[in-house]
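Same chain, two partners: chain A is paired with chain B first, then with chain C.
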Partner chain A sequence: MSARTSQATPRPAAAPPRHAAGDGGERPASGLRRVLGRQPLGGLFAAPYLLFVLAVFAVPLVFAVYMAFHDYFFAAPGADVDRPFVGLDNFAAVLTDPAVQRSFLNVAIFLVINVPLTVVLALVLAVALDAPMRGLSFFRAAYYVPYITSSVAVVGVWLFLFGGDGLVNRVLGPLGLVPDPSWLVNSSWAMPMIAVFVTWKQLGFYILLYLAALQAVPKELHESASVDGAGRLRRFWSVTVPGVRPATFLVVLLSTVVGANLFTEPYLLTGGGGPDGASSTPVLLLYQRGIEQNEPGEAAAIGLVLVVLVLAVSLINRRVVGGDR
Partner chain B sequence: MSTVPFPGERPATPVPTAAAREAAGRTRPPRGRVRPSAAVVRVVVLALGALLFLVPFLSMVSGSLQVAADPSPAGLLPGAGETTLDNYRAIDEAISLGSGLLNSGIFAGGVILATIVFGSLAGYALAQLEFRGRGAVFALALLVQVVPFQLLLVPLYILVARDYGLADTHLGVMLPFLINSTAVIIFRQYFLQLPQDVFEAARMDGASELRVLRSVALPMVRPALLTVVLVTFIGPWNEFLWPFLVTKEADQQPLAVSLANFITTLSGQVANPTGAVLAGACVLAAPAVALFLVFQRRFTSTDIGSSVKG
Partner chain C sequence: MRTRAPHRAAVATAAALALALPLGACGAPQAVDAETAATARGPITIWYSNNPQEVAWGEQMVAAWNAAHPDEPVRAQEIPAGTSSEAVLSASITAGNAPCLVFNTSPAAVPEFERQGGLVDLDTLPPGEDGQTATDYVTARSGDLAEQYASEDGHFRQLPWKSNPVMVLYDKEAFAAAGLDPEDPPLGTYDELLETARTIVGSGAAPNGLYPSPSSQFFQPWFDFYPFYAAQTGGTQLVEDGRPTFDDADGEAVFDLWRTMYAEGLSSPEIYNGDAFADGAAAMSMAGPWAVAAYTDTVDWGVVPVPTAEGTPADETWSFSDAKNIALYSACENRATAWDLARFATSEEQDRLLLEMTGQMPLRSDLLGTYPDWFAENPAYVPFAEQAARTVEVPNVTSSTKVWQAFRNAWSAGVIFRSEPVGQALDEASSDVADLVSADAARGERS
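On to the complex of A and B.
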């Protein structure tokens, strides 16, 4: 499969036939073997990873569900406090809260801007990059650099570029294209700015995904379409776009997950989700409720609602775009 | 599929020459017929896009070197205005770049080490060893990637900071990232490609599984190791939210956290806050960008593709 692995692989001149192995691996499975598999050592090898997943994934998940249904609050370690079961109270409190509703609306705004922009730009740029040409490595590196750079670092630059007296306003000002108040403190522009920022930052990763997917589109399809008289655009639409459909499914899925995770950008780029909650997100509220305001139960409820919504969007995505597995 | 060296050219699939294709009985191949105008349009579009992607980085470097960050288009050039290193001095005095870099390094280094040791063990087991529950472990590794980590934030914070007492410790910062699931899947993909016979031979010579992994399997997947290091480095080096939560003491904070604190609360302390922020951004961005540029030829798109496709 891979050219890189095979070139580094010193193949033994003649591998002995399997049945000669003296470890009894081919004998009829004993009772223990049947329970643990042929090489139970594998379980031991995977054990640290399993423990890790248990500790940072499974236990917190169960804990989150517990908190969401109880009146949970922080207490001194070891203190014996009563944390009564409250049923759906936390969910009711959270779902009727205008601030929470606004944060979910903000994620919807984010997705409506970010996902189509990401899919179109990443696919077009990947197709443009998917051919030998001069300066190719420079272009690929240029698109990839924002992805590998810390959000905190590039947020610092965007604050400078999009500030009231920043470069963007200096250029757009004479054209009368600057909103008042300016971009990041404007309640209609704050969330779209975050969507554009994240699109810009993540695009390199999605281009890479599409570049990998383009390798799987059979060249013969392009050729036969061309023989049938299909032009460039027609071939892009009828051969390339359907050919990379599994990748599109992944891009939509992953950008949805990124949208559900938004925290750093609203926190830093728009000063804690401002103005007046116009760029607040569920994870930002989750942080404020759970850590700052000692309402972990409500925070857990926000988290669970978010998980359910992400799963729902993923299912719709699967229906509409259709992954191949 | 073939491997695409990123971001170099792609030599993996030998492109048949026009003569060879004509010999195969085809008329002029469409792929070879690139109209010059189309190629020019493509280069122009790519160049404009690249400009949009690089301007913020140019601004980052230039602004960090200017006495007063110049927001005009001319200010994008590093030489414009008075050049100074004062911004780097100012940010270092405000948040101590050295300890921030050290903490980030320990964070990323610890995660890389744990991921290589435990991730290769798990990846090897998933690819080459038949044990009960192998399918379930792999499914779990895929699932972990799709469920947003941030959703487990509050319970994880309570567990780590309050129950385990790991607040303001390096282990507490590292814990949620300790074994990168993406890396486990990358290891599995590479180990799956190795020929079974090599392992059988080593086993017949009496090598233990651990020895087979260390002396036979790992040396054969050196490209995977590099990919795993790159993929694993980016996460913890750039991570903000989790270390921000568990480290309240400034001398325990990774650079991303102390720089963010500077942006939100401390920037009033220095004469040229914008310049100081941009200087800090340069220091934070440099290691990741440098690592990528040094190893970019080895960084392939199929690795990323396989890591998310599973």
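On to the complex of A and C.
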């Protein structure tokens, strides 16, 4: 079983040398060539994407750092405005603000529920959808539909399902399983409900990632494990799970980043972070402070704290889940 | 190979910058010379709201202007879509591409737009042919109500345009089903309102008495707390003379009323996905005259002034204005034309058309006396026109949005979800609002 997987892919005998004669062979490169590299057109082709990354990510991030250290606000061109340097004041203001602290706690609760649930459900469902069965295409599409459906529309459905007079309460009511207040206005249940909602909505995408990863797990490994007497569960645990470990790292990383940026669901599903701030998130506050209240300095400070925390969590994820990859 | 990677990155970066710099230079916004623009005439652009009635009014108004002023053509469009009109306008101010006039500027946003340098002080514009300055014109048209739209320096950066005074609409069929008199409903005092709501919910005529949105957005108090506070206090603003006003017996009475509504299940803390009044999920609604057209075909409704604790005669009851105004933005290069158009759009003739086409109340003094024949033909609007004379506006403070958000957070805690006692919620809201207003003052002194 290991013979095949460890076998190196043979190089074609007729593979061209790394430095073809026409490319200058082993001669020292000219000054221009040294700057432009062997494929100058490559730099040009990469430029549009690099421009996109610079304009949409790098420049705003640098500008956010600038705003976070100033009493900044958006103003008309040519307006005579004062935006003094304030050092760490914005950070001090947001980190001592109970609403901001609550929002970070809320998003931590969200991630603790959402990420493991996403990994487990996506992997299990991907394995199920990888097996030959009737209606396979239908099921694959069915799990993907929520992912591509507008959040606004889906939120409407969940309000119908989990409202006080919703379908879920009508079913669970006679069993005495309905919380009071109801799910979305219950400070203990609001954030878990959002975590479950987001898990369900995003699941199709992560199933797709796992389905792709499952194709790379050699069938011979399963056959060998079967021959050695491993049952279905043992094969799943000892062959499938290690085999899709890179995909698991990607799923954990993406669901963490997406979850940390949670905005739409608390904005729509719980009326702007309700009940009483129990489902507010850093990005929701960032929107309130930066866009609604024109305090981009505080908003940038919240954003930078979030970036640092997400990076820290991602590094931990990499160490725990990523292994040596 | 590895050592050459930085070179390629440098090439790609250089190419990207070569692409970006000319684009950036093309898009760099330029400040308008205010002195030149104040007397300049020529083509202008305006934005208006996207509801069909206002679009129809705007189109006819612009067509009438363009026919009479071919050298100063007006191009009109709906406000671009965004999370909110205020967010779009703020972004356009920053980008330097705001239109000359916006016929949907929220008074709550005006102080912030002013801080951004996005609005024109209307008194810097040359007087009209009749010699009236902007202040003269605004005061002559709107009377005493105009005062609350002035900035702290006494100048106007918004032309008071139209209001939607908030009143209590009720569903006559639901009231009749609950055994209440639909022609004379007991809704004058807080006790009557509570008892009426209990009767309605208890009888099953409707699952809720009143159902304002319980969400946390900063503007929601305008449709639950603020009309009741305006009525209870006889027209006191949330902030007056730089101090919050609501941490008193009147504010507490309004908090207590609504806390009881939520505690007894007469109002719902859940988001309603639709129009609760039209759908029969509530027997009453807080609404302005826009409701006349909206509900005529769906609900047999009646309207009463907002109740007060002890009861107040209808002709002495105040409410929240829910006004939208016209503002002239600093990106405008032909401000003389823009101001002429603003005056044209608020002329007696255009205000009448606004009434006819939208049902909203022009912010004119003596509205009923100005258009007696129209109100005689449309009696459903008369209560709203009477109420329009006694409306209170949001306070004109720079941190307006933050003030309302702080207030809403306290309202959520003290009233809707009752995680705090009323007294504590009021204290916290008052303290937060006082801090914000003080910070505004300190910032104003620095600059």
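Basically, the second predicted complex is superposed on the first by the 291 of 325 C-alpha atoms of A that agree within 3 Å, B and C clash if a C-alpha of one lies under 4 Å from a C-alpha of the other, contacts with A are read in each partner's own complex, and residues count from 1 in each chain.
The rule is short, and it goes like this: contacts are C-beta pairs under 8 Å (C-beta built on N, C-alpha and C of every residue); 3 or more make two chains touch, one makes a residue touch a chain.
Nothing here was measured: the structure is a model prediction, and the numbers come from that model.
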Room on chain A for both chain B and chain C (clash or fit): clash
Touching partner for A:83 - first (chain B), second (chain C), both, neither: neither
Partner chain in contact with A:43 - chain B first, chain C second, else both or neither: both
Touching partner for A:185 - first (chain B), second (chain C), both, neither: second
Residue contacts with chain A in the superposition, chain B compared against chain C: B
Chain B versus chain C as contact partner of A:146, first or second or both or neither: first
Chain B versus chain C as contact partner of A:213, first or second or both or neither: first
First (chain B), second (chain C), both or neither touched by A:163: both
Touched partner set for A:291, first chain B, second chain C, both or neither: both
Touching partner for A:245 - first (chain B), second (chain C), both, neither: neither
Which of chain B and chain C A:102 touches, first, second, both or neither: neither
Stretch of chain C, among 37-45, 91-99 or 343-351, that runs into chain B once the two complexes are superposed: 91-99
Chain C-contacting residues of chain A that also contact chain B: 35-40, 42-43, 46, 48, 50, 55, 74, 77, 156, 159-160, 163, 165, 271-272, 287, 291
Complex contact set, residues of chain A against chain C: 34-40, 42-44, 46-48, 50-51, 54-55, 73-82, 99, 156, 159-160, 163-165, 181-182, 184-185, 187, 269-277, 280, 287-288, 291-295
Chain A-facing residues of chain C, complex: 4, 7-8, 10-13, 15-16, 19-20, 29-32, 83-84, 86-87, 90-91, 93-94, 96, 98, 112, 115-118, 207, 213-218, 268-271, 273, 330-331, 399, 401-402, 405, 409, 412-413, 416-417, 419, 446-447
Interface residues, chain A side, partner chain B - complex: 1-5, 8-9, 11-12, 15-16, 18, 20-23, 35-43, 45-46, 48-50, 52-53, 55-57, 59-61, 63-64, 67, 74, 77, 125, 128-129, 131-133, 135-146, 148-161, 163, 165-167, 170-171, 200, 203-205, 208-209, 211-213, 215-216, 219, 222-223, 226-227, 232, 246-247, 250, 253-254, 257, 260-261, 263-264, 267-268, 271-272, 283, 286-287, 290-291, 296, 299-300, 303-304, 306-307, 310, 314
